[in-house]
Amino acid sequence: MTKKLGVGVLGVGEMGRRHAENLRHLVPNAQLVAVADAVEERARKVAGELEIEKSFGSLEAMLEHKGIDAIIIATPDAFHAPAVSQVAAAGKAMLCEKPLALNLADARASLAAVAKHKVYFQVGFMRRYDPAYASAMKRIEAGEIGVPVVFKSLGRDKEGPPLSYYHSQINGMLFYTNTIHDFDLARWMVQDEVTEVHAFGTAAIRPEVTQFGDVVASVVNLKFAKGAIGNIESHAQAQYGYDVRTEIVGSKGSIQVGSLHRTPATFLTTNGSVSPIADYFLSTFADAYLLEMRDFVDRILNDREPSATGEDGFRALAIAAAAEQSQAQSRVSLVEA
Amino acid sequence: MTKKLGVGVLGVGEMGRRHAENLRHLVPNAQLVAVADAVEERARKVAGELEIEKSFGSLEAMLEHKGIDAIIIATPDAFHAPAVSQVAAAGKAMLCEKPLALNLADARASLAAVAKHKVYFQVGFMRRYDPAYASAMKRIEAGEIGVPVVFKSLGRDKEGPPLSYYHSQINGMLFYTNTIHDFDLARWMVQDEVTEVHAFGTAAIRPEVTQFGDVVASVVNLKFAKGAIGNIESHAQAQYGYDVRTEIVGSKGSIQVGSLHRTPATFLTTNGSVSPIADYFLSTFADAYLLEMRDFVDRILNDREPSATGEDGFRALAIAAAAEQSQAQSRVSLVEA
Amino acid sequence: MTKKLGVGVLGVGEMGRRHAENLRHLVPNAQLVAVADAVEERARKVAGELEIEKSFGSLEAMLEHKGIDAIIIATPDAFHAPAVSQVAAAGKAMLCEKPLALNLADARASLAAVAKHKVYFQVGFMRRYDPAYASAMKRIEAGEIGVPVVFKSLGRDKEGPPLSYYHSQINGMLFYTNTIHDFDLARWMVQDEVTEVHAFGTAAIRPEVTQFGDVVASVVNLKFAKGAIGNIESHAQAQYGYDVRTEIVGSKGSIQVGSLHRTPATFLTTNGSVSPIADYFLSTFADAYLLEMRDFVDRILNDREPSATGEDGFRALAIAAAAEQSQAQSRVSLVEA
Amino acid sequence: MTKKLGVGVLGVGEMGRRHAENLRHLVPNAQLVAVADAVEERARKVAGELEIEKSFGSLEAMLEHKGIDAIIIATPDAFHAPAVSQVAAAGKAMLCEKPLALNLADARASLAAVAKHKVYFQVGFMRRYDPAYASAMKRIEAGEIGVPVVFKSLGRDKEGPPLSYYHSQINGMLFYTNTIHDFDLARWMVQDEVTEVHAFGTAAIRPEVTQFGDVVASVVNLKFAKGAIGNIESHAQAQYGYDVRTEIVGSKGSIQVGSLHRTPATFLTTNGSVSPIADYFLSTFADAYLLEMRDFVDRILNDREPSATGEDGFRALAIAAAAEQSQAQSRVSLVEA
């Protein structure tokens, strides 16, 4: 039998737990060796449920375990960058959830550590693995839409985070946690760099978040180096469901990606036809998360380049930082190169 | 029998001709009395085809005809404002196609004439008459979506205009002829004023238009007075078809308007399911144009207020002017109040 | 100016009134000369509303009017066949609403009169004029789907007729008034004759109609001469709306026709996405009815063959009669040739 | 850790192989112990690929293995019934793929063995596990559609089987392998028994299959005990893709299930909007097959009743047999109770 990749998951909140489950049961070439969490009790509980032996209260402890070849970093956002540096210093491969960091300085420091220790590094832009996005990208790469002219994307969450989420200050704001997926899609699908942005935001329906410098919804205009333009909308609490859609208008043809509905079932009533709407990213992108883990493991085992690199993580973050600045200062902002 | 409203149509290019046809055959309470066009021969030809007696080579001549109660102004954009003033001075009711003028000064002058002569004045924002937009608006007015949070709209034409269109300098650029519809929808559906805009444009796929100060596609971010935000995309040559869509996200629910397809027929082939796409505004909005004419005539006959006023025409134009400035200077622009 | 076709409408219930309105206002080459109805007062009222001068209490009276070139027969079904014979004897062109008659003997008699007097005769299969059906048919005729293999169709009404409708015995049952449209589409789109049928019906949700020999819903299997098969479902009271859909599976490709929704507006709510459903045939097929009238008038004025002939009316009726027999006797029935 | 259920898979053609893969990697509470196939070399190969130790050339041999608690029967159809009897005699739990048998006598014999040995028996009607069908069924059970009036379903395969498939005579014909899914859905969703059927079939586009008594496409009318009616279409070679759709019209509301498209990506081209169509049952129903295996394993481990019983398998088969007779003899057939 093939040698399996030994993986440890750092942070077993909702996201990390999903990665751990996928690695435990659904990624044939991986062996989930351990989970770790700053709340050690939580790590222990997850380990028990997944029927694995090892759980730890810190990354340090987990890194000492012999069987670990790779780490999944799924902590709160503020801890991503330091964890990357630490895993790099330990010489392990890793996938770090988005965003790479909460500011460009931290991002640079962690990527420097990756470079110095020459470890495999992938950033968690899982939408690249979604079958619909992947099939669209294949067509773009085949030249079917010609030159990209307009990139449009939107991401709407059903429910906004609780206020405690903002108070803790350990997670990124709207541009850093939500829009960052679209910033990555923009670069990936247009195959070009975003050079300038302009953002408007609103917190009118939840003014409490203003004190934390955040907004509830935003629109970000994009300008690309080779002449394309674009716009991304993000909304933290659209109420009706979880809705992610992207559209690329090219000089020869266009592509739409995105499905609003949970299942292909429609109810015909006297009020009209009713179709249930998707409600959560972990359902909509269940396949994408699984395919991401499988591909991550295969790339390491076969010594291939990561699908989404540290550079990709950095550049999406730089667009987010520019959008934040634009929105705060009501002006056009240049994206740091 | 009811007294019919005697109507004359000024400008019988494609748009004016459609209005004339509708008035001639499909608006029971109107009588198409005459058509006029700077190219008198064209007016004569259309009069012949529509089987009406009178055609003229100028607005002046048409205004002298006794049977005329109201004028439809459908000339090239540059002649809208002077025609409005002239019709107002003659004391006739009128509908003026969008845009009201090509700059704010001209718009102000023509509205002053309307005010002075106290004539009925309606601006041609026909999308307000489209059954889908109208049904959406009813729901918004009934409070079904709560407070508007994000307004999105897009308008894509299939084929860009010929270069001669730009050379003639008698028609507005992208913001003034295409996006202006969405600027009006924004105000109408959000029920609020747009105060600031930011626009990026691109002419990368047709650099020749740059010399005329125009772009092929644009994205315009919007900020509304009460806190909503928005974005409008316009595209002069999307190739695949004529595509108009609007979406309003509210605090309680959201609405999407817009249909891409020409007829409800789908072809299932080995390449996938294929549905023909709409290709022209006169087809997509055929109902809207007809309903607009019928309602225009009824409002005058029944002495009711216009559905889209001179103020509406002015404010949409002010947003277009701000967008043009923003795009030219790469900065956020305030909308003139 | 062209000579207009003088038309009289017989029967100004809902259907006849629509034809009269279309002829009055929306068919440039027709002149609505008169309307007639067994209830003379109703004819008078409609004439007043449409602002025409003549109304009559009988077909005889209307036929004596000099200006009439053609008659639209839109009486209750039981009176179609005798009216056809009478109009034929008067030497006038005509369009008769479906069904041609309520039994094959009456149909034969009326078609014999048409043949004898050599008058223009068209039967009211207006779906052939619907833009979606027409575009599908064009593709079929162009050979795009290859050989038809399976024909499917369904027609669902929102509300069943009142019991008085059944008591009067002057209108056809489900197969004769509803399914007959699909019987015609089957022959037209498959371009072949239906030779055998089998029908099941149900009245379980409205047992009162059983005493009149009718059912609430039915499924009819079809066998075509050249080997294709098919099925048609009809439902008199589907509650959620008016729903008409057809699908043809061919050896090389397939076509779906039909749209459930009233307008291209969708409401996104916490219960799911909601789209209003069409509710009435006069709305869904408004274009088809208008195009039918225009084409009817043009064919007569230009001496062209009818689009749907007496033969077409007879054969659809023969399928209905076979379906009725099949359903009553629970066996396969041959269609009379 | 929980005791896992030891499972052996009999028949590792395409279907059995999928079950084996799911059990091996994606069903946490199962342990795939062995695979068996009449072609022993094939069993060995699959065992190697799935990295399990045991493979056998016969059911007998596999049944002797100690670790096996349950068997999945995925042989060609003709061998289902004898395998069921054999597994029952060995006292093991089992899931048998549809159809239960190729005739009612064999089905009865195998169910008698199941009854005698009191083993867990489930038939492979996996559509009951599909998320869209399951959500529709929940609504039906909650009474949301009222009384079922019309049941409609269709199943179209992209490519027909090779002629060798027919020659081997070990697999069922269209009604037994394809339509049988819809026969089960009919009983399950309408919650009633089918009492009478009528079927037309066609082999006009592939006359070679006639010699084997089969057809390429069929339409089957259904009558249910409590008064509902229905129709099912099956097509072995629709060319454009794999298409499965079901619709239930109830007295209060209706439900549609089924999605034609492979991924939520649409391509906008000058030929129209193009969406890739699903092409194979193993993709469309990937989730259903996995959920079926997980549920099968859980039910056995927790001593619960099967979701689709031997009775369900028998009754669907009885409808298929009646449909075959109806089609062969061109008459209405009663379904054996």
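Some points to look at:
Labels A, B, C and D are assigned to the chains in the order they are written; within every chain, residues are numbered from 1.
Note that in this section a residue touches a chain if its C-beta (ideal position, glycine included) is under 8 Å from a C-beta of that chain, and two chains touch if they have at least 3 such contacts.
This one's a predicted model, so the numbers in the text were calculated from it and none came from an experiment.
Chain centre most remote from that of chain A: C (centre = mean of CA atoms). We define each chain's centre as the mean of its Cα atoms; on that basis chain B and chain C are separated by 39 Å. Between chain B and chain D, the centres computed from C-alpha atoms are 57 Å apart. Among all residues of chain D, those that touch two or more other chains are 238-240, 253-254, 267-270, 276. Chain contact topology: the protein chains form a complete graph, every chain touching every other one. Across the complex, chain C meets chain B through its residues 1, 25-26, 28, 51, 131-133, 135-136, 139, 144, 253-259, 262-270, 276.
On chain A, the positions that touch chain B within their shared complex are 147, 149-150, 152, 154, 156, 196, 198-205, 216-223, 226-231, 233, 235, 238-240, 249, 251-254, 330-332. Across the interface of their complex, chain C is touched by residues 238-241, 243, 260-261, 267-277 of chain A.
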